[in-house]
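Please find the structures below.
After this come two complexes, each holding chain A, first together with chain B and then together with chain C.
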Partner chain A sequence: MSGGSLLKVLGLTINYYTLEGVVKAVRNASLCVNRGESICIVGESGSGKSTLGLAISLSLPRNAVAEGSIIYEGVDLLKLNPLERQKYRGEISMVFQDPATTFSPLFTIGEHLIDILRHRFRVSRDEAVVRARELLRKVQLPDQDRVLRAYPHELSGGMLQRAAIAAALATDPKVLVADEPTTMLDVTTQSQILELIKVLKRELDLTLLFITHNLGIASEVCNRTAVMYAGVIVEEGSTDEVLLNPLHPYTAKLVKAVPSLTKRRERLSHIPGMLPDLRNPPAGCPFAERCEFTTHYFDYSPVKHVEAGPGRRVACILYSGVKA
Partner chain B sequence: MPISRGYVAKRLMLSALVILGVLAIAFIMTRIIPARPEFLWAGPHATEEQLKMAREKLRLDRPIYIQLCYYLIDFFRGDWGISWRTRLPVLNDLLTALPATLELVIAAFLLASIVGIPLGIYSALNYGGLRDQVIKFVTVLGASTPVFWIALVLQTALGVWAGILPAGKRVDDYLVYVTGFKPITGFYIIDSLIQGNIPVFLDVLKRLLLPAFVLSIYPLSLSARMSRSLMIEVLNENFIRSLEVWGVPQREILFKYALRNAIAPVIASLGLSFGYTLVGAFMVELIFVWPGLGYYAGMALLSYDYPAVIGVVVLVAIFYSAINLVVDLVHAWLDPRVRL
Partner chain C sequence: MSALLEVRELVKYFPVKSGLFGRTVGYVKAVDGVSFKVHENTVFSLVGESGSGKTTTLKCILKLIEPTSGEILLEGRNVLKLRRREVKWFRRNVQAVFQNPFLSLNPRMKVKDLIVESIKTHADMTDAEVLRRVNDLLAMVGLPSTLANQYPPSLSGGQAQRVAIARALSIEPKLLLLDEPTSALDVSVQAQILNLLVELKERLKLTYVLVTHDLSVVGYLSDYVAVMYLGRIMEVGSIDEVFNDPRHPYTQALLSSIPEPDPNARKLRNKLALPGEPPSPINPPRGCRLSSRCLYASSDCVIEEPDLIKVSDSHYVRCIRASENHLLGASS
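Moving on to the complex of A and B:
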């Protein structure tokens, strides 16, 4: 299963240039993904987790500028020219949040799959149809021929997400980035899709980068978890440790905010305050404004990541004294 | 193609109702205008007796609804009345004039879609750039300038001052006489090609160019502006990004997936602009002495030629309904989500 790092994100900063100003979506993010592992990126909306996923799968929008490096099998993906980038597209594939808009509404699922296969493997149309059918079988869609002929609006959300997973796997990827693939689905379908992703990960020996805001899903799917807040990775470690023994105050609050089915509480706990404006993020800890440990004489200089155990990192001033 | 079997039949029946309504309105409107058409029919030196006979012959002495009934009965027998101006059956006049208009309108629409849509797409692909700004400006200008004004300006500039293009008429009479050109279908472009008559073909083409271009300016600008904004919208859709991630090359994403999404609504709106263009055609025909429906209708209006006016109105209504049906079918064919 494991074997060295496959993907290394080093000091990645991503800025969106918009009419309202420069949005600093990801700031100085570093992440190491080992071959065959599944890692979760957890954070609330606007924390930059999707942007990080898009950057890794080489599909940042045109108005985004990325600095730093994303090293995949020794190659810095950010330094590729468009032609080389096309070669790496599909190596790192992606499943998206909303299955209803993942496919073009005017073309059949088959047409999408065939085009992906034709360009990736230079196979004939007929060969592509055979492979497409095989892919749909792999994602456990019944009646593959009907699905191939179906237009996106003719399939349910769950079926569409399965088809989208088939499309993502059509490129025979080594890394699969799944950007909240279950958020738009209802609960029973969610668990089926999660199960499918887990099975496929094992069968195809995929390296999985799972983006979610749902800590429950994180604990179910991934062995490692990185928590993002306001464009910064604030904590990273094995999923169990991060969830059971959170070091960063933000993670701790996040874990407490998860509603429990068994324990009945008076009030759901929440985190007071709002995300900082990413056009002008605070220089120091982005969570300082909402953090209960913030004091009047708080140090607003940038926070450094602190190693807090094997494979465990945290960016919080509380721990800077532990091991500087 | 999700078009149910009964749909076309239902649409045709609805169209028939619409046309009937248009016919009735046109008939009543022409009759309630305070004019004395019997003077036209009987001639300038008619006696009181002759005028009375004319009124009886034209059934102007009967109530409007009786007149309408007579007209409808004749209409369905294929007798659309006698033109009070040309003294020929209106239907014959219309069928002679129709090809001239159709040639003009079809040329204009071909120009509008062949130039307009690529222009809009090109503009969208250069979104925000200088070329995009220029195209945007020109098309706003094109969509908002009155047709007759452009027609007069271009006719004067290109036809009269510069003398590059002929300023009017469908074909040079002298050339027709010399080469022995005979209209068959009434579409001179097709006729001259069938007969292998290259000089006439070139002359017809040259004369068609200016009025067709003038007429195409509005639908061209419209289709360019629409395909531009739709393409920009489509390029921001999620499926563009997912196809990109899955390794489909940029040009295929653009020219296969994005394009079809962008132009399906453009084609629908082009169909709707057909009505406006026909009205434009009437003015362009009057300016370019083009012997089509518009010219005929203009002359008919100026001489209180009611049967001819009603005939033109009904014919336009028929065409308008037909085009809209075709547009809806094409739209359904392009977009599987449309259910008819």
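Moving on to the complex of A and C:
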């Protein structure tokens, strides 16, 4: 199943230049994604998880400036010229949160898919139609001919998200970046879509980068998880390890803040305070202000990642004495 | 124990109009015969997916829309037949907190004025008393009094939701209606608000009616829960009975669809998928409304819609197989 690293993010820093100042969305993030694995990036709003996903799928908006490197199969994606970038855009596809904004309301689902297929593979229109139908079958949409002729508003949220997944798969990608693909959906539909993504990952041998705020989804979909807070990857490890035995104080709090059906009446732990202002984030640990273990907050130098076991990294001064 | 709120056979149809003259061609049966009782100092939840009619039910209770038929009783008085003076009594006792605080709080009014306005409408107090009350309320929801002079857009989501709660509680209502109160918030903030709601309920002896699609929130807050599907209550009862021993296939599917964060609990659970998507509420399926998607549907299910069948004194299910369904439960 796995076969060495496919994608490596090294010291990635992403800043958004906005009218209100420079927003430091991702700071010094490093992440290694192995071929064929599914990795989750978990975080709350403003953690930089979506920005990281956009960077990897080469879809950052123009006002974003990325430094560092994203190495995909030996090539640094950040150093590509626009023409080369086109090629890699197809290798790394993305599914977004709101399927209604994925498609243009002016074109049918078929037109979208056929455009992608013709552009990518230079095939005839007829050939593209055949392939588009096949894609829709792959995402388990019934009555493919009707869906091809349908405009986005004519499909339900769940069907539209399936179509969006089909569009993402149209370029025959190796990596699928899914940014909260089920957040807008009802729970029963959500569970259908998650199942579909798992099946497709297996059948098409995809590498999956799943972005979510929902720890339950991380637990069900991914074997590895990276937790982000205020632009920093604070912890990384196998999903079960991270959830059962969280090392970083932020992760520990987050896990206890989720109401669970199995532990219904237990009082939830909450995190006092608020996210730091990302225009001027603290130089040290971003969580220090809200952390119960903080000692000398103002003395902190930038936190380093500590290896805390096999495949386990944590960015916390509490573990600086722990041996790998 | 008498009920604080009672809903009897509530029905709300929205006409579907079409054509040049806006002829009514059908009805969206948003709520189709919903009845329940809410006792004092308990939390009653309406849960369901989009289109189940849970929010429409809430809007009817709040008198925001007029139901097609049915009765809503607050302390035994029918709130649909109130005179103008009595409406004020009703508003005083029933307040609501909505999903998005940035939409429910006027962005051009200071936090202080938002709360003052609500107090002054209902109570006869001097300005000094009102101001003291505002400070008390802010402290009660865990906000610093310095926030009183800020405008809602400068608040975080969690702070704004606290202001909305403070405003709702400013006139000491008996019943608080919560419409997806934490759906717009991050988990860590959601936990803060949920804890606050539990604390306030105990301290002020409040009664909540909670509407949400999030079953884990329901599990955390509620005493009683009603599961809705296409305008109907499919299963209703005490939270322990419904969640530990769900009898309706729809409840079972809902409970097993929630992604479980705890890896140990996840492995114990068996998933029960619900195929397809909800049918149109304009033309719901014949017989049991779930029959078009139910894994256990038989020919009996499409003949006639079942009534709510009693499982125990505090547990009712609308399914003809209620007595045998418990083997498949999502409980653990």
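Here is the rule we go by: the second predicted complex is superposed on the first by the 316 of 324 C-alpha atoms of A that agree within 3 Å, B and C clash if a C-alpha of one lies under 4 Å from a C-alpha of the other, contacts with A are read in each partner's own complex, and residues count from 1 in each chain.
By definition in this document, a residue touches a chain if its C-beta (ideal position, glycine included) is under 8 Å from a C-beta of that chain, and two chains touch if they have at least 3 such contacts.
No experiment lies behind these values; they were computed from the predicted model shown.
By the touch criterion defined above, A:Asp115 lies against chain B but remains apart from chain C after alignment on the C-alpha atoms of chain A.
With both structures placed on the common chain, the touch criterion links A:Ile41 to neither chain B nor chain C. In the superposed three-chain model, the partner touching more residues of chain A is C, compared with the other of chain B and chain C. By the document's definition of touching, of the two partners only chain C reaches A:His213; chain B does not. By the document's definition of touching, of the two partners only chain C reaches A:Met274; chain B does not. When the two complexes are overlaid on their common chain A, residue A:Thr171 makes contact with chain B while staying clear of chain C.
Touch criterion not met for A:Leu196: it reaches neither chain B nor chain C. In the superposition on chain A, A:Ala230 makes contact with neither chain B nor chain C.
Chain A makes touch with chain C in their complex at residues 44-45, 156, 158-159, 186-192, 194-195, 213-220, 239-240, 243-244, 253-255, 257-265, 267-271, 274.
Taken together, the chain B residues at the contact with chain A in this complex read 237-239, 241-249, 252, 256-257, 260-261, 264, 334-337. On the side of chain C, the complex with chain A involves touching residues 49-50, 156, 158, 186-192, 194-195, 198, 213, 215-217, 219-220, 239, 243, 253-266, 271, 273-275, 277, 332. Contacts from chain A toward chain B in the complex involve residues 54, 57-59, 61, 86, 89-90, 93-94, 96, 98, 101-107, 112, 115-116, 119-120, 151, 153, 164, 167-168, 170-171.
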